[in-house]
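This report refers to the structure that appears directly beneath it.
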């Protein structure tokens, strides 16, 4: 309330995730004027075998 | 048809999940008058490192 | 935290939605032991032209 | 690739949306080192009658 | 069971949607060996003001 | 742009996934006239313990 879902391929460090959720939360607060305590962010990690672009799995590109 | 997605942090038992899907299905049938056989529920579990509130990962709260 | 998404075809009354979110929240609290104030539920309504089963749009069934 | 979904209650201006997608994209590029041209963001707006917290619809809070 | 969600910008005809859900269902049946009657597809249409690429809303590209 | 999410129970081979994303991409191009290079497909696999139909977990059916 609001909720943000970030879909990425697996392999990022916790430092990257920490910085990402901090700065997305800032952007939400600045532009939507919401209480930061209410901003929920979920990172949806995918294996390379479960994501495709151009009809080809990432594991085969 | 209908479809329900429940996003939670990982760590619940199968007993909790069993009760949850039973009672959500009951609520769907009672209020929407759908056939229970058509109610699909998916539990989307997240690690504590992939979910944040207030700009901070659950793994660091 | 937790978050629930309910995908239905449009056409339900506000009374149906009111009862549905009340009872799904109860099920979440009973089985997951979460604070009800933290349960977010979003109803994702679809037109009949945007949903299909068996390869056929609901608007044409 | 990556994809971001932002779930909010309807009623924001295009200026707010413009700033939000610009700054979320910046955060994605800075922390994930992705090409900004590949960052897709979708804002999923909900009516107040289709979203609930604490078991109560936003339209009735 | 399985469920497919297709996110597109609004503006397609019902003929396009009809063909799309028919052929995605065929692909699901051929490769996953599921009963076509169980394949649910939902088209999630977005306005051009609610979708962005490269940090810019589609309505402003 | 467009984005497709396919929710299935885990246990398919990479050959099945490869064929599935190839043919869904073809259907998207044929009916929506999009550039195949822009079609993103993500397969969202679920354990049998996290998916239910008719109020019963797949792991208990």
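For clarity, chains are labelled A, B, C, D, E and F in written order, and residue numbers in each chain start from 1.
Here, contacts are C-beta pairs under 8 Å (C-beta built on N, C-alpha and C of every residue); 3 or more make two chains touch, one makes a residue touch a chain.
Note that the structure is a prediction, hence the values are computed from the model and not measured.
Chains touching both chain B and chain F: A, E. Between A-C and E-F, more contacting C-beta pairs join the chains of E-F. In a homomeric contact, the two copies may use the same or different surfaces; for chain C and chain D, under half of the interface residue numbers are shared, pointing to different surfaces. Within the list A-D, D-E or B-E, B-F finds its counterpart interface, over half of the contact pairs alike by residue number, in D-E. Superposition on CA atoms relates chain B and chain E by a rotation of 180 degrees, given as a multiple of 5. If you average the Cα atoms of chain A and of chain F, the two centres end up 20 Å apart. Chain F has its Cα centroid 24 Å from the Cα centroid of chain D.
Shared contact sites, meaning residues of chain E that touch two or more other chains, fall at 1, 3, 7, 17, 26, 40, 42, 51, 53.
You'll find the chains touch as A-B, A-C, A-D, A-F, B-C, B-E, B-F, C-D, C-E, D-E, D-F, E-F.
Those residues of chain A lying in contact with chain C across their complex are 1, 3, 40, 42.
Only residues 14, 17-18, 21-22, 25-26, 36-37, 39-45 of chain E touch chain C when the two sit together in their complex.
Against chain F, the residues of chain E that register as touching in their complex are 1-9, 12, 16-17, 19-20, 23-24, 26-28, 30-32, 51, 53.
In the complex of the two chains, the chain A residues touching chain F come out as 7, 46, 49-57, 59-60.
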